[in-house]
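Labels A, B and C are assigned to the chains in the order they are written; within every chain, residues are numbered from 1.
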Amino acid sequence: MKSWLLADSPASRLQANLGQLYLLLRGFFRSPLAVIGFGIVCALLLCAAFAPWLATHDPYQQALTHRLLPPGAEHWFGTDHLGRDIWSRVIYGSRMTLLIIVMVAAIVGPLGLAIGIVAGYVGGWVDRVLMRITDIFLAFPRLVLALAFTSVLQPSVESAIIAIAVTSWPAYARLARAETLMYRGSDFIQAIELQGASRLRVLAGHITPLCLSSVIVRLTLDMAGVILIAAGLGFLGLGAPPPQAEWGAMIADGRNYLIDSWWVATIPGLAICIVSLGFNILGDGMRDVLDPKTR
Amino acid sequence: MTQWFNRRSLGAGIKACALQVSMFVITILGLLLVTFVIGRVVPVDPVLVIVGDRATAEVYARVHAELGLDKPVYQQFLIYLYKVMQGDFGTSVLSSQSVARDIAAFFPATIELAVTGTLIGVLLGVPLGVMSAVRKDSLLDQVVRVVALVGYSIPIFWLGLVGLLVFYVKLDWVAGVGRIDAVYEYIIERETGFVLLDAMLHGQWDIFRNFLSHLALPGALLGYMSMAYIIRMTRSFMLEQLVQEYVVTARVKGLSEWRIVMHAFRNVLAQLITVIALSFAYLLEGAVLTETVFAWPGLGLYITNSLFAADMNAVLAGTTVIGVCFVLLNALADALGRFFDPRTRSVRT
Amino acid sequence: MPQPLLSVRNLNVTFDGPRGTVSALRDVSWSMGAEKIGIVGESGSGKTISSRAILGLLRPPARVEAEQMEFDGIDLRALGSRQWREVRGRRISMVMQDPRYSLNPVMTVGDQIMEACRIHHRSSRRDARARSFEMLEAVRIKDPDRVFKAYPHQISGGMGQRVMIAMMLIPEPRLLIADEPTSALDVTVQNKILEVIDDMVSRRHMGLIFISHDLDLVSTFCDRILIMYRGRIVEECRADQLHAAQHPYTRGLLACAPRLGERREQLAVLDRQEAWER
């Protein structure tokens, strides 16, 4: 099997693609750090998927007689100021985090990719206009604008997602455009054009897959930052409204009890750290494998 | 140097400059447009905020006209632009003072934090980044990379809380929240708005020390974040350069390791300056969260307090100011990067 | 036979890679005096690696082993980094292929040449400047003033190579390695650069190792030729004896090149034999 995948002259496209994938995966898993990053992201997915089974208590259940209990046998991470189990809230908070990441990525990736590829391929005034717009948005401060945006609309997950997405897409447009420009003049693209492929076909079928890998790497790395921004918004009370379990908001809750009940604020923060770290490491690992010269 | 004064290159230089400036202006206009739009989307009725909900229809109409809300939107935007150009951001609901005055009072504190953070970030980050690249895959490299990675992944507000808990509450190494102790608030003579300078100018050394004690923790944390970013970028740039042919040439010439590294570093300088300017911009942004945690009376705290008081004028004004700084820094970074790279500086003769 | 300048015996270079150990150079031996040696081979034959091995530029995962690697009485195998700094530039120098990449783009040409001078001769700025100008004139640059203040991207390829030569010869080494010095240049400029190299090397009685893939070029330029194939030296002969070469690879190379006036229906193609690798 291995020799079939690694054959120097693959017989079919499938074999070549699988062989490439195998080499990439092998290179990726060679680095222990990359494996850790991958593991963390998987853990996040599992937590979010199996939250009802992993949580020990109802995350919204208040128990005022059990306020501010330290971590122990009954409550693994202790309880917050309303007696809610922190472990369960952290587990359910992973759903919120995952939702935000996925939604932002789903908006920002395709949008940025589309704009960048069109700008790069078509060129001319279309390119200039699109790039000016991109540059303008690129120069805006992400957090502050997201703040202004969400403060104006009702604080909710949706407004946070839109706010973050609106300020994040420019980087991808730039990236996709740079890659497109690089490939546009290459011989194989010209060959396809000479064969009569329509613009759409060239863009969608050929250039997009080429740009895809750098966009995915960038997305992964960016998600780490998105988590931090979302947490920041939550901390300021601009994310999902209470009693939703959101890590940033939990830290804000715990702030007043920091001195005596440190676990209320500290533990959700650790969760944010670990997940953000996981995405960073994963993104680094992916970039090392897909683009080794920047290693 | 003599290339600059070549007639042809001067003309091309001016043209490039004009292009940059026009881009900058357009970006600022775009930013103002966005803040304007956000301001108009407010579900809170700005008139009601001023007159209260028991006002008569006449009063309402009067204030409505005063605020210019009866005019067409594009006119409102132009009026808004005109006012901003003059520094008039309206009146703060909270303090009943002009927002511009408020911002001028709060801004220096944010600058203090951002400058401290960036300074630490550069002084520590650049050498560590360079060493990390030169001794790639060594123990030093691994440790530095992990430290930078962690700094890249930590939420600053959480780190602030933990830092306060550990270094202030438990260890009592630094002062607590706030910029200077309350007792000094009324003694300090405000001239420049920057506490260090003011204290030095008036020889108030106890205030000086107290301020440093307050600055230590938030400054160090912001410095850590800045350092993490700068290390990552410096390392990446250096690695790119160290595999170039001219580095082999330098080695073949018999240069010492230090000189070879400097050869590579010179090529990194242009990009590094851009990164430093961007890092400063990020710290300005991050100040919003840091100041909330440390009760540091800067622009960030001003924005968040105004936010909770639904003082949209102040929020948008604060956002605009930070936005403008951001755009300015980006443009500056661009310009500096161009300046330091001789390939873009001079024109092929 | 005068005392050889450089003696190499059984030089082996291997690389440890993910797919096993790759042998880049196998039992490479030659010795030379103050003469012009050409090393010819196709890509991957090991010609560049030999020169890098001599200058100690190969780092792990490369492993360099040799029975003997001696230059002017110095054992090149056992040098520490400080000692290498004495050898590189001062005694052995190298000119590389493309001046667009081998010159530091953010330093002026003058600064780079002066640096080479000041490091090895410990001369003052003024001295170094004067010497640099001398060298620029010696390599036949007509406008030394402009070139001195220019950045590498502001001068042409031919000029860039001249600058490289000047920079590498200013410390007065005894051996110059020229690694495909004309491959990145236009044909019209190539000859001029070769003239410059020839001139400088002859005047200073230096040794020259000229690496190239162009057999014709090397045969007209050098005294002796080494033909490399897949990490081995397969033939060693004098330049004027080239037509009498023995090894089938060399004969194959000679036969491949079309000559004016010959009558052939088909051009010859190299038929590689496994036996040549042993």
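Note that in this section a contact is a pair of C-beta atoms (placed from the backbone, for glycine too) under 8 Å apart; a residue touches a chain by one contact, two chains touch by 3 or more.
Computed from a predicted structure; not experimentally measured.
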State the smallest step count from subunit A to subunit C, taking one step as a move to a touching chain. 2
From subunit A, which chain is the farthest off, judged by mean CA positions? C
Cα centre of subunit B to Cα centre of subunit C, whole Å, reads 52
In angstrom, rounded to a whole number, how far apart do the mean CA points of subunit A and subunit B lie? 25
Sort out for me which residues of subunit A touch subunit B in the complex. 132, 135-145, 147-149, 151-154, 224, 228, 231-232, 235-238, 248, 251, 255, 258-259, 262, 265-266, 269, 272-273, 276-277, 279-281, 284, 293-295
What residues of subunit B sit close enough to touch subunit C in their complex? 2, 244-246, 248-257, 259, 263, 266-267, 269, 341-343, 346, 348-349
Subunit C residues touching subunit B - in the complex, by the definition given at the top: 55, 57, 81, 84-90, 93-94, 96, 98, 101-107, 115-116, 119-120, 149, 151, 153-154, 164, 167-168, 171
Which bits of subunit B are touching subunit A when the two form their complex? 23, 26-27, 30-31, 34-35, 38-39, 41-43, 149-150, 152-159, 161-162, 164-165, 169, 236, 239-240, 243, 281, 284-286, 288-289, 292-293, 303-304, 307-308, 312, 315-316, 318-319, 322-323, 326-327, 330-331
